[in-house]
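Below is one structure. I have some questions about it.
Labels run A, B and C following the written order; every chain starts at residue 1.
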Amino acid sequence: MLSFKDFKNGLMVTLWFVFLTFPLLVIKINPIEKSVVWRWHNMLYVACGTFVFYVLSRLYLARKRVAQQKIKAGIIEDKVAWSAKFFSEPKLYIPLAIAGGLFSLVFPALFSTYQVNIMITALMYVVLGLGLNIVVGVAGLLDLGYVAFYAVGAYTYALLNMHFGLGFWTVLPIGGLLGTLFGLLLGFPVLRLRGDYLAIVTLGFGEIIRLILENWGDFSEGPSGIANIARPGFFGMDLSLEMSINYMYYLTILMVIFTIFVVNRLQDSRIGRAWFALREDEIACQAMGIDKMKTKLSAFALGATWAGMAGVMFAAKTTFINPASFTFLESAIILCIVVLGGMGSIPGVIVGALVLILLPEYLRAFSDYRMLVFGAVLVIMMIFRPQGIISTVRRTYSLKD
Amino acid sequence: MIFSKRMLSILAAFALAAGLASNASAVDTIKIGVAGAHSGDLASYGIPTMKAALLVAQDINEQGGINGAKIEILAEDDVCKPEVATNTATKLVSENVHVVIGHICSGATKAALPIYRDANIIVMSPSATNPDLTQSGDYPNFYRTIASDDAQARTLVDFATDVLKVKKAAVIHDKGDYGKGLAEFIKSFLEQDGKVEVVLFEGVTPGAVDYSAVVGKIRRSGAEAVLYGGYHPEASKIVGQMRKKRMKTKFLAPDGVKDDTFINVTGKNAEGVYASGPADVSTNPLTKKFRDKFMASEGTEPGAFFDNGVTAALALTNAIAIAGTDTAAIAKVLHTETADTPFGAVKFDKSGEPIGIGFVVYEVKDGKFVQVQ
Amino acid sequence: MDYFIELFFSGLTRGSIYALIALGYTMVYGIIGLINFAHGEIYMIGAFTALIVSTVLTIYGFPLLAVFVLTALAAVIWAASYGYTIERLAYRPLRSAPRLSPLISAIGMSIFLQNYVLLAQTSDFQPFPALIPEFDFMEPYAHIVGSSDLAILVVSAIVMILLTFMIKFTRTGKAMRATAQDRKMAMLVGINVDNVISITFIIGSALAAIGGLLIASHIGQINFYIGFIAGIKAFTAAVLGGIGSIPGAVLGSFILGLTEAFATGYVSSDYEDVFAFSLLVLILIFKPAGLLGKATVEKV
């Protein structure tokens, strides 16, 4: 399957990478003692690794090509993406959804508190991902400062709880509303911007919010953060640590279900259709008589609402927040969840969140290498599956005669 | 071998009593959690403490453990991030640790403490210096083997006022939890004393490509000394740019700067910089013992907070040896009985602060930190 | 007045560094419409390569001038190679993918490269030798503007003039402009678009490496994270000036640098970044395509 030329190219690529990684991987300097260590074995690893990887990727591409030729020639049928097939068949996905639901219900009983805790984090990112999905996946507005709304929600709860003793249930809707408000606040000035200008302004907005929280100490307690935030109450009962974590877990599950329900209904609504139209073609969408301004603003506002509520839950879960939790990297990770999972696809975003949050957590064994692997996985996924893990199924209508 | 002798005497004196008094000490392993940054960019602050705990555990286990129970160290990484620290804490609690050494960073400690408090577990940090942790009264389960930031601010302020006789000072910080908190204490102490005028109070942005604007501002303010709150990378840049602008302004920095990396990175510009830090205890036999063990196993000098880590491990194991594994009993011993540690005999006051561990001021001379008398 | 001049030069120094990085962002964006998040990492790799090469050469006893020239050369060559490789590996396969995929790939690349350097070298700050000497004739003015500030200004001015000439008058430059205007049309008139894109990445990376070398020598220390912060600022500057426009990137960078310096000097450095980002938002509200960017009217 591989020709001699492939191997020759492989050799060239190998040489190139050996050259490329030479100063950083082979030479280890100690500028203080003015000494050098030459790590030639690293060069060997790079060479072998590159060559093997090159040959494997060639093989993969060659097989893909052969399959495509066969499809063209009509020998085998084009495979419909398994995910598309899967989600168009209620018979297939309903049992799985029920199984998943049951599993998530008994999860705390099966696993340790630690696992439950991690799962809560992952589920919170599911909510965040679904919220951002409205903005990026459905309405097609690239938002790099989503974490700002998350911070707004978290600080709303922390501050109201600290100053006025308000409880979780009171603040949850307030946090959501404040998220909406900030979404509108950001939405207005950026309405005229498109594409990547929007991206940088939202990034700037996210940074501004974080910097204000960091510097305005009288208001937000500054970088030292707010501690001792109350966990959600359960009819005034005192809960043990384990109980309260399990309780938090079920709350998050409820939140996820609620989010899925609302987002799903929204997508089928008039406004959801308007978002899709906006994403596909702004001009055509306007020509159809859709109010662009209202549609964009509603996408921003609704996306921000979920972030606000997730923020409240985050504060309640960790019981401590500081501005360092709301950096640009956080926005980037939420965006990665949406894109990696599959833009606009609800199951995709759920899978994306679980993979991206649980992966580094369980990669702990590799501690130092986990972020390296994380970065590489993002790149490789995009190259081999740019549409995400589970791509959206375009709604199609078939005429029945 | 002072340690082992003392240990044996403790064993002899208390083995019976402890064994009868609490059935908790019937456990055959004593689990000590060690939480802190063990990976990532702050790993160099967390790993020495983990090693310290392991070495102390090994030492005690070789001598038969505590009342016959072996010590098991459970190390968990929190990367110094609050949101990760809560996961770490939950994990340690779910593994039923008896006491915890950690966490390393104040933010992470603050986030994790309520979880330990609710699970009634004693936590002892070798490095979290935030005053709130002890002074707020929210965390009765918290102890530390390092003096708090306000004590350090006091040291720096006194040094600037009484020794250097500064009249005008600029207070600069790096906007971080540690740096800004410390700078605020410095400012309020200076203003309370009224001997030194604070002519500038400002935060610099960590990682910015250039600090010449802020350095220019310091010069314009006419400050004779800069009192800095933060870590060494920014300190090094500010000092470097001050010297480049031929400014002779004195520079006083906290223990976040008292790190050999600071001198290495700053080079000759570091000369004359003052930094506060824990007293030099390298002559203490216990310090020597564990530093040597570290050298033997790792081949390098132990890093930041190693002595504090050893102190925490010794204080806790000492208390467990006397009181068993009951939390209230351990707490009582920590407050009343002293333990032999690299910092000498250490016990803790009501709020959990160590008695007998303080700060002294060092000056950089010929590429080394030298204690100022 | 001295103070004003001091702040002014501080702003110019910052501005030149931002400009050297921002040019890479804007050129890449102009040609393939991608925010190359990994660009800041190229700047960092340039600085690290310079540190490694200069240390090795110093140990083997090369004279100072040779060290400086070879170090600069090595930094540029390796940074350019990394830029080229990143484009081939992470962006070229995604030419026809949905718009956000290359962006995620770029974010992934950025995380990967940061951790690659962290693991291959160290997480600690490393001292960077002062490759730019202290000029004697600058001594009377040292309290206002340092020798390295001056060197940064001069070098970046020369580099920018060379770049302008290249883009205006050479065949490659023309091909780049043609590709930026209309990629399909450029292909039709026989321009090898893939090559042009590669060259753009190479030039952008080389500029970033020069920036990395200069700033590392100026500030005296580097670690694996410096690229991220500088990258975000440079990107802001590029958008401020109108992304895709080369003079715009330079203008945006100087405006950003001066704003930061004067905000620090006359107000407070606490809110330095808030000023920078607020300025960006304000300008974009009134000029949605940045200062020198062309507002495109979409025709149906």
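Criterion: contacts are C-beta pairs under 8 Å (C-beta built on N, C-alpha and C of every residue); 3 or more make two chains touch, one makes a residue touch a chain.
Remember, it's a predicted structure, so these values are computed and weren't measured experimentally.
Of all chains present, which has the mean Cα position farthest from that of chain B?
C
Please work out which of A-B and A-C is bridged by more C-beta pairs in contact, and write that pair.
By number of C-beta pairs in contact, A-C is the larger.
Quick one: chain B and chain C, Cα centre-to-centre, how many Å?
39
State, to the nearest whole Å, the distance from the C-alpha centre of chain A to the C-alpha centre of chain B.
Each chain's C-alpha centroid was found; their separation is 36 Å.
What whole-number Å value describes the gap between the mean CA coordinates of chain A and chain C?
28
Residues of chain A that touch two or more other chains: which are they?
32, 215, 368
Where in chain B do residues touch at least two different other chains?
Only 175, 203, 264 qualify.
Give me the residue numbers in chain C that touch at least two other chains, ranges are fine.
126-127, 270, 273
Any idea which chain A residues touch chain B in the complex?
32, 112-114, 117-118, 121, 214-215, 217, 222-225, 227-228, 240-242, 244-245, 314, 317-322, 324-325, 361, 364, 367-368
Going by the contact rule at the top, pick out the chain B residues touching chain A in the complex.
For chain B paired with chain A, touching residues are 38-39, 77, 81-83, 86-87, 90-91, 93-95, 106-107, 110-111, 113-115, 118-119, 130, 132, 138, 175-177, 180-181, 184, 203, 264.
Looking at the complex, which residues from chain A come into contact with chain C?
My answer: residues 16-17, 19-21, 23-25, 27-29, 31-32, 34-36, 42, 136, 142, 189-190, 192-194, 196-197, 199-201, 203-205, 207-208, 211-212, 215, 282-284, 287, 328, 332, 335-336, 339-340, 343, 368-369, 371-372, 374-379, 381-383, 386-387.
In the complex formed with chain A, which residues of chain C make contact?
It is residues 29, 33, 35, 45, 48-49, 51-53, 55-56, 58-59, 74, 78, 81-82, 85, 89-90, 93-94, 97-98, 100-105, 107-117, 119-121, 126-129, 232, 235-236, 239, 243, 270-271, 273-274, 277-278, 280-281, 284-285, 288-290, 298, 300 of chain C that touch chain A.
Hey, which residues of chain C end up touching chain B in the complex?
Of all residues in chain C, those touching chain B are 3, 6-7, 9-11, 13-14, 17-18, 118, 123-127, 142-144, 146, 148-149, 215, 218-221, 223, 225-226, 228-230, 233, 260-262, 264-265, 268-270, 272-273.
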